[in-house]
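One chain, subunit A, appears in both complexes that follow, with subunit B as partner in the first and subunit C in the second.
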Partner chain A sequence: MKTQLTFFWPLLFAASLPGQAPTADEIAGKSQQAFSYAGQDMVARVVMTLVTARGEQRVRDLTLLRRNADAGRQKYFLYFHSPADVRGTAFLVGKEPGRDADRWLFIPAINLVQRIAARDAESSFVGSDFSYEDVSGRPLPADSRKLLREESLNGRACYVVESVPKTRASFTRKLAWIDRANFLPLKEEYFDAQQALFRVFTADEVRDADGLPTVTRRTMKNVKSGHRTEVVFKQVKYNAGLGEDVFTERALRRPPAPWISGD
Partner chain B sequence: MTKWLINFSVQFPKTTLALALGVTVLFGWQFPKVRIDTDPKNMLPDTSAVRVYNDEVERQFSLHPDTIVVGVVNERGLLNPESLRRVAEITDRILALPGVITRDVLGLRTVDDVSVNGAELGVRPLLADVPANDAEVAALRKALFANPLMVGRFISTDATTTAVYVPIEATANGKEIADRIREILAAYQGPERFYVAGDPVARDTFGAQMFRQMGVFSPIAGMVMCVVLWLMFRSVTLIAANMGVAMLSIVWAMGALIGGGYTVHIMSSMIPVFLMAISTDTVHIFNEFCFRFAESRDKRTAVVETMQVVGPPVVLSDLTTAAAFVSLATGPIVPVKVFGIFVGVGTLAILLMSFTVVPALLMLMSERRVLALAAAHTGKTGSGDSASGWLLALGRLGVGRSRAVLLVGLGLLVLAAAGMSQIRINNNLVSWFRAGSEIREADRVMNEKLGGTSTGYLVVRGGEPDFVKRPETLRWIEALQRDLESDPLVGKTVSVADVVKRINRVLHGDQAQFDTIPDSAEIVAQQLFVFTMAVKPRDLDSLVDYPFQAANIMLQFKSWDADVMRRAIARAEAFARAHPLPGLPAATAAQAGAPIKPAGIANFNLVWNDEVLWGMLSGFISSLVLVLVLLVFEYRSLRWGVVSFVPLLFTVALIYGAVGLVGKDFDMPISVLSTLSLGMAIDFAIHFVSRFRARMAEAGTFRRVGDAPPELVADALLWTAGRPGRGIMRNAVLFAAGFFVMLFASLTPYITVGAFMAAIMILSSLATLLFLPALVTVFGRWLPQGPRRSAEQPLQN
Partner chain C sequence: MDLRRLIRLAALVAVSVCCASAEDIKLPGDWRGSIHGFGLVNYSARPDLEASPLRDGLGEHGFLLGDQRMQLKLEARSPKGTASLLAKPEFFYDAVAEKTGLGLREGYLDLAHDRWDLRVGRQIVTWGVGDLVFINDVFPKDYGAFFAGRPLEYLKRGVDAVNVNFQSDALSVEWIVIPPGLFTPDSLPPRGRFFQFDPFPSLPRQTDEPAATFDHTETALRLHRTVAETELSLYAYRGFGRTHALRPDNAAVPTRAVEFFPKLAVFGASARRSGLGGVWGVELGYYDSLDDRTGTNPAIENSQVRFILTYQRQLGQDVTGSLEYYGEQIQDYAAFRRSVPSGFPTRAELRDLIGVRVTKLLRYQTLKLSLFSFYSPRARDFFVNPEISYNFTDYLWAAAGGNIFGGPSASFFGQLGRNDNAYLSVRCSF
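Moving on to the complex of A and B:
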């Protein structure tokens, strides 16, 4: 495993030193931080491709804005550029740890802002194979965890953490391969009520953006249905200085320049 | 060849038997390799058009062909905390069953309800949490009945019944999963009643029961035939010979089938019973042997003579039977081909054994037994013998009142034709179970309470992307649904139009006037987009394809009648003709049946039943032609061929006429019966005509039968009716007895087969013994005496 030593984030080296193996809960906490909370805020242009088992595709092109607040709270703003007939549809999510997120939708064709209540654990994120939880992170206390082993995945040293949900979830067991160096999840396997593998997450490309390791290509595949969702993050920018005013009902109706150009 | 075989068998009976057993062991060796396939779908090859298209539609709309419907009924009202808790628990436990497609199980516990609550759009399964008190139950009741997508599918209008729709993997066995579900249900003792219905349950239960009943009824049929044989001949050896021939031929045919790598399918599981029936042909040999031995008192002479006179008709009748079955292989249906070929193989095995094993066994009978047998037989064949007297009376009727007999026959044929015009072609898998059986009961209750247990799809194909988002397309689909629902057996239809209306209403504060299709494609697109952002993707994916080019209308039927789907298709096509789908691209409109294409299990059942049925019928007709050609060739006379054909045609016409008159659906099992009647009914005529002509040849040389003195012809006819006719009657009775036991089966196709077989046997033997003498008497001038076969095989008496 010499290759791992060539890696770039010296700050995190400490975590991979022997003798200081963190607990499973610590790993999960750091992983959530690295994956869902990186930076103070984030701006990204995202292309999400939904692919059926027979190869048909639906492509959604959107701008994603995220801003962290205190106590684990976050706000997300999504603006859809395409498909053409849904352009301008926007989505605002207020994440409150410990309960389902607040969500508002803007439907331009009928000029309506609608509040939606759904269950994060089981609702699909905009029709994809990701659930809301997969995007914004499942509350840490909702699962109990075990560090199973450490092993190498695609040449990266990883912790293998097993999670079993304590509250209602879409899975009964999850195995996560978490990069020892940067704590990003490189692979996750989800098991269903039949104790069978049904979803696999893979981080297909990890890049450095504004000094923060970021999963810029990811895939969630439902191995049972054959459906998969590929997500590519383009033009990722951290700490752009997004204000609270970006995450309002007014902004839903009028996309906040300069972050969203409306094209 | 036959002579050599007979001589060898008579000379070395023990060697012959040892050889036969040796070959049997070789075939039996293949048995452990048996592979069983109970899925009637495999009647059609994977590559058949309907299967390919069905698979495509299923992939296009993420659908599953096999769905088990689990019903929960509480007559005092299901909407109470206790019953709902049970529904929730049961659903959760079903979700964990292996073979169940967990992600697509539909029920109150899993399906998202989209509703509006104040300013908030709520998306969650109604039974996500079990209501704890009356207020929560009341809220659930209100939400449930406010959503048209729920009523009729997940709750009955009287709020007593819910259903969980459980799709299963294509490779899973429906009966096994149904059994696991029943185990789960058994743990719940309350006021609820539970029902397990659906195509995979019926199909796989049918497949399993079919094999079991074959296993039970084949030996019982065999035993009944043993008893009848005993009553006829009072000889254990004869019973052993007859049943031995049947068993050996079954082992040969099934061994060849299994060794050839074919699966034992529903059709091929019937091969043993067919072969048992065909092997009764050897009765003609025993029958003649008894007569001969009584005359000559020498075992060897009796055997050789018997084989000389009975041999030719046995060869001919077995060859025609084999040819008839093998010609089924010309059809498109694989299991029917396999069935035809291996019944043919078994029949040839029976033919071979008739000339080897049977003579060898007759030779090995002890003198004492032979004497006892002959004595018993002559005792019974004296002039006062009731059976022979009865047969002679029948023959006299045919000869003496030939014209009247033929006129009555003609009258019956006219009646049969009238009946045949009333025939209704239909198939209903569930009705293959007895009334009151668990499966029929479950189906009846679920169809009474909810939209229906049988599912069909009508796919509306627009031909270009985003076609389905157009308001005019959606309104057209909606109107088509209302039209389809005017059929009382169409319980419920669901389409993307329903979803669009629902979301439009909900996004407008649940106001009733927005329960409509919006006026622009853009609004539809954005509202559907919102829908997919909130619910599970499958809720839309099952109704519209990815490019929004095709929409799927799901139909729930209250009956498994293939006819219901047929009617729905016809109605949709008529609707499309009367109201052309607006904006349909010319290229799509030009396609056959555009813009609607049927799919789903109901359509599949419709198509495969039709294909199997017509495949059987066309196979039957080509068999008929082949048999006629064989007969004409063998008799070297078209006229004799036609005459021999009359009893068969008469029998078939009468049977089908009765089916039409009684109002029984003409379904697949009945079409299978056609081939049975063909195999047997013609044999009787062959024995009669062959023996009659041989008898006439002994009497003298005439150009035409009618050239001989009428008394001579009458005598020959009566002799044929009394002596080979006795073999015919014995064959018929034996055969009918074997099949009669199937009346006690629990699957209606077996009962049908049992009842109709007995009828076919009795009818065709009577038709042979009555109409052939009448026909020969009336048309004697027209029938050639023909080449003297007896010149080749001189008779010794």
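Moving on to the complex of A and C:
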């Protein structure tokens, strides 16, 4: 816990007085913690379905491993089970707050570990409607925010927070409905340079996993193209005891069997 | 294309489609297995369909490639995952040579224990930071496949080797031993299919691979660790040059041209890190020509210093660009110049290449446009490879592109100038 407190100290410093509503930055901080940093580590089997406006589907089945480190750093390891063409492909991501993440890609056909240069805000994650940044979380200082109101969404009391990016982003404005009780984002609307709505995120199912509320079904829809990506998190486990050795070049070449099994 | 070929093609496609993949097959001893693979149809031809060094079959009509193949990927894993087996047998029909065959692309046993990994068998190893240029990656390549428009993975050939890995925070080690008798050379563009410079055009060829004696064991070593967010590697290799050298069997009255593989040692280093808004890399290597240290044997490459500088970055939404500069400098250049027989082409002391790659992904990364090119500022020769590929579904993929060579006729890409080709690949994976 200490490590996370270090990262979020500016938020604690601005802690609200009793009885006052939290500030927009506090809400965003708690939301990022609940959505992207829950537990010390996480293991999940993730099925991602990419659906075109005409209903054509592509499916990516992967194992996601995440481990938190100090000062907001995180490591992600993603292993693809299917489709057959990308089976065995693995991603290693070193998230560094304040700059683009370090990314390595393992291509099994030629046994090559490649380093990838990507700007997180502008790169689609494996062709889905999610950007790299949507997967691993946009840095808190990258946006300025306002708490617009509180309202109910699907029977859940929510804060409605507006974010405007201060650094490079795929949007010019974002509205987020954040659950008052567990701080998970239940809906996000992204607006483009013409102030038109172009992407909508929805948390379609929230479940407890190892005592931590988790968005187990989510959708990102591009309302302009009609394309959407549905993501289901299965077999979520927190605090599984992932070691640093899971996030290495060796693991890319030879996936850590205990965590990847279950084909 | 005659009827028989069409039937073979149809049969191959049908087998590929019908051969359903299988996951999680129960094997003896609680091992688990899986079956996957792909069917691939891959043709390439010169735009001028009449020009060809071949005088019969598809080759006569300018085809460089008529490849139909099915690759199976068979995997098995022990209950705890500490042991596994992989085999990739390939069945193919070469419509240019009108030949059917069976090959093993890769096949190995993996064992893991604590910090140690062992891989024994045919395996593909790729080292270094270059994009289509290699220094410390001393493992076999198939340039013929690459220049004829086969999928990029076929640029690499497997080695039959024992690969020992040790992983630690302080230093990780990859040690590869290729036993004598298992030497694998590079595959160069086949003389029958590619127009190219031949110093002994009228002589039959003979290939002398290194004899299977213990002192011909090849070893390659890579030490690596990350220091201050920079990935550092040191490399060493002792074995043989994989691109053949050529000498007449008798200097006075030659009857054969002998392809042989001189002894070679390579020492090098590489570094890679993020910076300047992208990722950059540098790699160096010293090629120690053990059989011609004085540089006086015209048949054997002199020792060389080779280097690569690379930089890649994202240029915009789903657009990536990379730039590299590669050079190789001949040592003992004066001795080299003196040793070249009159009438044979010589080369500059420094050969360099600028490599540029731009890749654009569209339509949710199902459509990929890429352009790769090499240009040598000194030799003024070039190579350009534009390609468009499309994923129709998760299982069906097609690519079309071209390989364009040019430059002075004695230059590396210039001598391949009559081999410009357009290619098409269709791949169905399961």
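By definition in this document, the second predicted complex is superposed on the first by the 243 of 263 C-alpha atoms of A that agree within 3 Å, B and C clash if a C-alpha of one lies under 4 Å from a C-alpha of the other, contacts with A are read in each partner's own complex, and residues count from 1 in each chain.
Rule of thumb we're sticking to: a contact is a pair of C-beta atoms (placed from the backbone, for glycine too) under 8 Å apart; a residue touches a chain by one contact, two chains touch by 3 or more.
A quick note: this is a predicted structure, and the numbers were derived from the prediction, not measured.
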{"item": "Partner chain(s) touched by A:Arg45 [first = subunit B, second = subunit C, both, neither]", "value": "neither"}
{"item": "First (subunit B), second (subunit C), both or neither touched by A:Arg217", "value": "neither"}
{"item": "Touching partner for A:Lys237 - first (subunit B), second (subunit C), both, neither", "value": "neither"}
{"item": "First (subunit B), second (subunit C), both or neither touched by A:Asn111", "value": "second"}
{"item": "Partner chain(s) touched by A:Asp245 [first = subunit B, second = subunit C, both, neither]", "value": "second"}
{"item": "Contacts of A:Ser261 with subunit B and subunit C, given as first, second, both or neither", "value": "second"}
{"item": "First (subunit B), second (subunit C), both or neither touched by A:Ala53", "value": "first"}
{"item": "Which superposed partner A:Lys187 touches (first subunit B, second subunit C, both, neither)", "value": "neither"}
{"item": "Intersection of the subunit A residues that touch subunit B with those that touch subunit C", "value": "50, 52, 56, 58, 83, 85, 109-110, 112, 115-119, 122-124, 126-128, 227"}
{"item": "Contact set on subunit B toward subunit A in their complex", "value": "59-60, 62, 92, 95-98, 100-103, 117, 119-124, 128, 466, 469, 507, 518, 520-523, 525-527, 529-530, 532-537, 540, 545-547"}
{"item": "Residue ranges of subunit C in contact with subunit A within the complex", "value": "21, 23-24, 32, 34, 36-38, 77, 80-82, 110, 112, 117, 123-126, 152-153, 155-156, 165, 167, 172, 224, 229, 231, 272, 274, 277-279, 281, 312-314, 316-318, 320, 322, 361, 364-366, 391, 393-395, 397, 427, 429-430"}
{"item": "Subunit C-touching residues of subunit A, taken from the complex the two chains share", "value": "50, 52, 56, 58-59, 82-85, 87, 100, 102, 109-112, 115-119, 122-124, 126-129, 227, 245, 248-250, 254, 257-258, 260-261, 263"}
{"item": "Residues of subunit A that touch subunit B when the two form their complex", "value": "50, 52-54, 56-58, 80, 83, 85-86, 89, 91, 105, 107-110, 112, 114-119, 122-124, 126-128, 192-194, 196, 198, 222, 224-225, 227"}
